[in-house]
Every structure is written in C-alpha cells, then in structure tokens.
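Provided herewith is a single structure, encoded as structure tokens, for subsequent inquiry.
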Amino acid sequence: MTGTQFLRKKKWTMTIVFIILIALTYGSAALTQFNLIDGLASIPATIAWMFSNLIPTAASFENLPKVLGRLWETIILAIVASTTAAICALLFAMLGAQTTQVNRFFGVTARFIASVFRNIPVVAWALILVISFGHHILTGYFALFFSTFGFLVRMFIETIDEASSDGVEALTASGATYFQMVVKGVLPDTLPQMLSWVFYMIETNIRSATLVGILTGTGIGYLFDLYYKNLDYAMLGLITILIIVIVFFIEFTSNSVRRAIS
Amino acid sequence: MEALPSLPNVAMKNGRIQIKKQTKATIVMRIVLWTLFAMTVIGPFLLDYGEIDWAEALSLTLGNLQMMFLQPAFNQITFGTAMMQIGITLALAFLATVLGAVISFFLAAFSARNLSPAWLANIIIASNSFVRAVPTVLWVLIFAIVAGLGAIACVLGMMLHTIAYLTKAYAESFEELDEGTIEALKASGANWWHIVWHAVIPQSSSYIISWTFLRFETNYDVAVAMGAAAAAGGIGFELFMASSFYYDLHEVGMITYCALVVAILLEMISIRIKRHYLGKA
Amino acid sequence: MATITLERTEQQADIFSRPQSKVAETVLQLTDVAKTYDKQTMILRNIDVALHKGEFVSIIGKSGAGKSTLLRCVNRMIEPTSGEIVFDGQNITHLKKKELRKQRAKIGMIFQHYNLVSRLTVFENVLHGRFGYKSTLQGVLGLYTEEEKQLALTILEKLGMQEHIYKRCDQLSGGQKQRVGIARALVQEPTLLLCDEPIASLDPNASKIIMDHLKEISQSMGITVLVNLHQVDVAMKYSDRIIGLSHGTKVFDDVPSRLSQFAIRDIYGTDVDELITE
C-alpha cells in the first residue's frame, strides 16, 4: 500500500466513523425524544433561573442546624462506607491481582465477585435494600458499601499490577512468606495510590449519598427531595451550596495529602 | 563504653538503630491512616439508627435477596419492554457522552497549559470543579424545573459531569504533547488551529477514545440512576416502579440481571479498548 | 551496649575473612534437570551441573537459551519438570513450602531490574533479606534484632553505600540500586548467590563495580556465585568456569581459557567478533 492510498483509507475510515456516530446520535435522540435545540436553549434559561431562585434567604438559614445535621450524617456515611469497603476490597484485590494471587481459581472468583458488585448500579442496591431495611440509614450504608467495594477492587488490582512485580519476586526468592511479601513488598509501593482512590471514593460517595438519600429517605438527599417537592428553592440553594463546600473541602484535603505522600 | 554504630550517619533512638527516618511523607501518611481509622470506628456511633430489629431486618434481607436473584421473573413488563428500556438508557448515556465529548474537546484545548493562556485555563478548571461538586441528580432536578422532567433534563444533567470529567482527562493528554513539536510548528508558521488539528489530535486520539468510552460506561450507570431518582425514563425507572410501586421482588431481580449484563459487557469493551489503545492491562 | 560492638567485629571477621578451604566441597548439584511448559517445547533438557564452594561460574548463551529458567530452577522459583536438585547436601527437589523457604533463605538472588521496593529506604530493603529466617509476624511488623541491623550496616559499608542508607530506593542510580540488591542477598548470609543478568541494565563503569564486588564476594567470603551473562568478554574475565547453554542444552562447561571460537559458535551459532559489535 502506498502512502497516499494509506492516507485515503484513513480518511475513509474517519468519515465512516463520523457518519455512524451522527446516525447513532440521531437515533438516540429520536428514541428518547431528545431535542437538541430545546436542550441547548434551556441551558442559559436554567442558569438564569438558578441565579434568581437558588438563593438562600434569611428564613432558610433558620433551618441551618437541621440541614447541617443531615449533612453530617451523609459525610460520616460516605467516609465509613468508603473505608470499610476499602478494607474488604484490599483482601479481594490481593486475591485477584496477577502479582499477588494465591492461585488462579481464587483469582478468577475474586475478580468475578467484584465485577458483579461493581456493575449492579448503586440505585439498584438502594432499591433492593430499602425493601427490607426501610427508610433507614443502613440502607444507604450498604448501598454505598457494595458499589464502592466493587469499584475499589478493580482499582486496587490495577494499582497492584501496575506497580512492578519485581519486589515480589525478590522477596519470594529470599524465602519470605506470603504475608511478609504482601506487607513489605507490595503495600509500601501501592498504598499511596490506593489511598488516593479511597479519597476519590469518599468524594464520589458524598455525591452518591445524595442520590441514594433521595431513594431511601436518608441523609441530605432526603432533605433535598423534601424541599424540591415543596418548591422551596431558597432551601434547595442552601443545601446545594453546603454540598459544594463539603466536596471542595474533601477535594482540597485529598489533593494536599496526595502531594505530601507521593 | 557507649555502643556506637559503625557509620557516622546512623540514627539511633533509645539505643536502637533506626531503619528509616521520619519524612514529611511518612508522617502525613500515618496521620491520614489514623484519622480515617478513627472516623471509621467512631463514625457509626454518631449516627441515629432509630428503631431497628437487626435479626428481623437481616433475615428479611436474605429472604428478599433470595427471591430476587434466585427466582427472577417478568410480571408487569415483558422482556421486550425491558430491552426497549435498556435501549433508552443506553441512548441517554450515549447522547450525554457524545455532546459532552464534543464540548470537552474544545474546553480541553482551551485549558491545556501548553496550548492556552493560564487565565483561561484557570477559569475553565474552576468552573469545572464547581460543576463536579454538585451531584448529577441535583443538576438533573434543577434542569427539570426549567425544561420539565424527561430526556432533556436527564441528558443535560449528565452532560455537565461528563464535560467536567472529560475536559480534565483530555487536557492531561494534550499536555503530554512535546513542547518542541509545538514550537517547531509555530516556527513554521502554523496557527493555533493547525497545531490542534495536526499535532494534538493525532497524538492524543487513542487517549480520547479510551477516556470517552470509559465515560460512556460510567454514564450508563448514571443513566440507570437518573431513571430511578429523577423519573427520566429507561430501565432505572422500571426498576423504581418494580421495587417502590409494585413491590415485585422477582421483577426487581430480573431487571437487575438485565442491567448487570449490559454493564459487564460495557466494562469488557472498555477494558479491551484501553488495552488496545494504551497497551495497559 | 559494648557487647554489640564486640559482636559486630566478630561477625565481620566471620563473614569477610572466612578461610577458604582447599578441598572444594560441592554446594549445588543439578542432575538431569529438564523444564517444559507444554509437552512440545523443551526449555531445558538434561542439565547436569555441579558447583563448588567459592566458585565463580558464569552461564552464557543467546537470549531464549534458557539461562533465566535454569537459574530459577535452582531455588525452584520455577519448578523443574524433572531432575534432581541437591543444595548444601540436601535434596530440595520435592521439599514442601516451609522447608523450601528455609533453603531459599540460604540462596541469595540478584536481578537485572534490581527488584527493590522503591518507596522504602535502602536500609529497609537490605533487611528484607532476613525474612527467610523470621516468622511471618516478625517480618510483617519489621522486627529486626540489633545484630541483624549491624550486619546490614557492615555489608552496606563494605559495598560503599554508607552515605545512602536512609535514602528511598527510587532516588538511587542503577549501579547503587544493584549494590542494594547485592547487600540484600548478602544479609541472608547465603551459601550460594544467583545473579540474573546483574549488569544488563548498567553502564560500563557501574558494571565493572558490580562485577568486582561479585568476584570479591566469591573469593573472600567463600560464597559460590552463579551468574547469567550475555557479554562473553565479561564472563571470560571474571569466571572460574563458564557454562554455555544453547536451546536448553548444556554445550560447554570448562575454564574460560578453553572457550575457543568453535565453542562460542556452538553456543551462539556465530562468531565472537560479531557478538562484540552487537
């Protein structure tokens, strides 16, 4: 194939891919009755609406203690769900990673279990659990725990396998036991990256907790849903601002920690 | 005679030789781990559990899980409807991803340090972190107030987070472009668009494809959630109806299985793409 | 406290000027060792090798000839398909995990890519060599005796690494990393040292330092050294004996002076001149 032919072929491939993408976009829009023009038009309208309506008033500040209480609940929930899931995920990741797996059977099993937990959407967990636990904080906890667990196993396995397996070989060759090899050979090089994923999950879980809260009637999500249905936009504004502040705070903390331990 | 180590720079503590020195990194690491540990242990005691009968709730859960996952069945809807709804969920995710990707591409070009001025990059990065801080479901609900509940609110809400995520990912891959290449192109009289079109895109196209598909995978999950939490349609809404309206556990199980199969397929494709383009496992 | 200093000098004397016995005892005996991954391709076949105390032996051969596999069969990092391995008078071919661990502790190993834990200090990495002598818990908690620490320090000093003991290993140069690798192997107080391409990633200067140290170890400490090399000239210069591998078979086993052009052609299927320009 000559150079020009190659370029022409590449151009053709690009064109075909673009046509397929545009066709899929039109198909999807038709299927969901999504109208691009209306959609784009509603963006400025929404921004204008936000700045005129989502403003906390003096009256809404009277509810501040109540909101803070729920927010506190959500934060604790996000952190506890992330850390407990991380501990379980670490065990599964050790079994599932190529570098540290005990044997192939456990490896495949661990990866499969994690994949199932990860791919059942967090709302499905919430809706399944709410039937038995009711509108209870544990519903939120377990829903976050299961999805965080699945995600962290995947990320921890990637972290372990990307850090070189060289140290592991050296320790095994010198007669180290499995746990010595894991604790002294694998963890020191992977812990900072894993910790960074845990922080990422805490931040994500604060957002997910809002979603789960709407479905299960817990935490800050419950309050948001309540005021949303009562059309109390000043309160919605207050809640939104508080969530932003918390997420910013966690992001800032995790960035500084990441920089310090790298 | 005091026991001295053979080397002058050996650190001693309580008559014992130290095998590592405290650095900022080790101290911060220790503080972070202890803080997380403390919060995990204390945290559960600070929550209000209300009245709950643990034994009953647990046995109820096990029974329910058994009904869901071992005896799944369609009752209210048919298999065809479920497939249709999954199609709608995928379509919502696809729209949010494609629209978001197009916008992100331009924002990323304007926010990559090597392509754009710092002030512009800072404005984009700051507004993106603002967008990211608000949960998707809140964005969807806020859009719904103006545009009404439905596809528009759902796609726009998801698109905002897609933009915030992809702009950062794209910009990072743009920034890996060699300074020398840019300089050489500039020296030969290329303008900004030439550089983007002929150097940036070819160099980072594999990253763009991997990141975009990864986001599509995530957006499918989000779209399921939005269907349930914001009544935006799709399989998530059916899941919500089955569990909270009909209390039909068999159907909840069946729908979960359907959603799960699609999610696992997407994940497998995503891993394939990543391996193919980035050579990573 | 004073006892520590005393013990250290004793140890030093013990390790660095162990008198070399004139009658060379056999440290390692491989008999008819073979390795196949599937039934068709033989990675190693009919390997018979005997190593003696304090001997410096190089294995040379093309890449893919089975050098790495042979080295790893010695401490059963790779399980041989058949054959016998007798190390230090004990048949280790079928040892169970726990017993194997004990024997591995007496076999030091160094690697082409150093295989250090990069975020830990030099000191910690060197002490990892003691795990084979410890219970799981002692190792996990990092409990080392002062004697072990002194031993590690003495070895590091001997290798010229005294300046760097508290540095993280990712801050070292390649040659320094390899010296940490050697120190980690020596702290095991090994009878046998296995070196897998120890200088393949190093520049000529660092390579010379590393090879000199390895030679010194075999001569003054009486440790048997088995090295995989791809540079024939280095093997000729340092070895007491050279083993040539070709397609998994031993085709040469003699002193370097007997390594003729013909022998090299047997091993590499080419001339030595071509090899050097490579």
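Labels for the chains are A, B and C, by order of writing; each one numbers its residues from 1.
Simple rule for what comes next: a residue touches a chain if its C-beta (ideal position, glycine included) is under 8 Å from a C-beta of that chain, and two chains touch if they have at least 3 such contacts.
Since the structure is predicted, the reported quantities are computational estimates derived from the model, not experimental observations.
Engineer: Among the chains, which is located farthest from subunit B on the basis of C-alpha centroids?
Structural biologist: Comparing chain centres, C lies farthest from subunit B.
Engineer: Which chain pair is joined by more contacting C-beta pairs, A-B or B-C?
Structural biologist: So, comparing the two chain pairs, more contacts are at A-B.
Engineer: Provide the C-alpha centroid distance between subunit B and subunit C, rounded to the nearest whole angstrom.
Structural biologist: 46
Engineer: Could you state the distance in Å from the CA-based centre of subunit A to that of subunit B?
Structural biologist: Each chain's C-alpha centroid was found; their separation is 5 Å.
Engineer: Which subunit C residues touch at least two other chains?
Structural biologist: Residues 120, 124, 142.
Engineer: Where does subunit A touch two or more other chains at once, residue-wise?
Structural biologist: In subunit A, residues 192 touch at least two other chains, as defined above.
Engineer: Can you list the subunit B residues touching subunit A in their complex?
Structural biologist: By the definition above, subunit B touches subunit A via 24-25, 28-29, 32-33, 36-37, 39-40, 43-44, 46-50, 52, 57, 60-61, 63-65, 68, 87-88, 90-92, 94-95, 98-99, 129-130, 132-138, 141-143, 145-147, 150-152, 155-156, 221, 224-225, 228-229, 233, 236, 239-240, 243-244, 247, 249, 252, 255-256, 259-260, 263-264, 267, 280-281.
Engineer: Okay, in this complex, where on subunit B does subunit C touch?
Structural biologist: Result: residues 1-7, 9-11, 15-17, 19-21 of subunit B touch subunit C.
Engineer: Using the touch definition from the top, list the residues of subunit A that touch subunit C in their complex.
Structural biologist: Per the touch definition, subunit A meets subunit C at residues 164, 166-167, 169-177, 179-180, 183-185, 188-189, 192.
Engineer: How about subunit C: which of its residues touch subunit B in the complex?
Structural biologist: Residues in contact with subunit B: 1-5, 8, 120-121, 123-124, 127, 142, 144, 146, 149-150, 153-154, 157, 162-163, 165-166.
Engineer: In the complex, go through subunit A and note every residue touching subunit B.
Structural biologist: 21, 24-25, 27-29, 31-36, 38-39, 42-43, 45-46, 49-50, 54, 72-73, 76-77, 79-80, 83-84, 98, 115-116, 118-124, 127-134, 136-138, 158, 161-162, 191-192, 195, 198, 206-208, 210-211, 214-215, 221, 224, 228, 236, 240, 243-244, 247-248, 251, 257, 260-262
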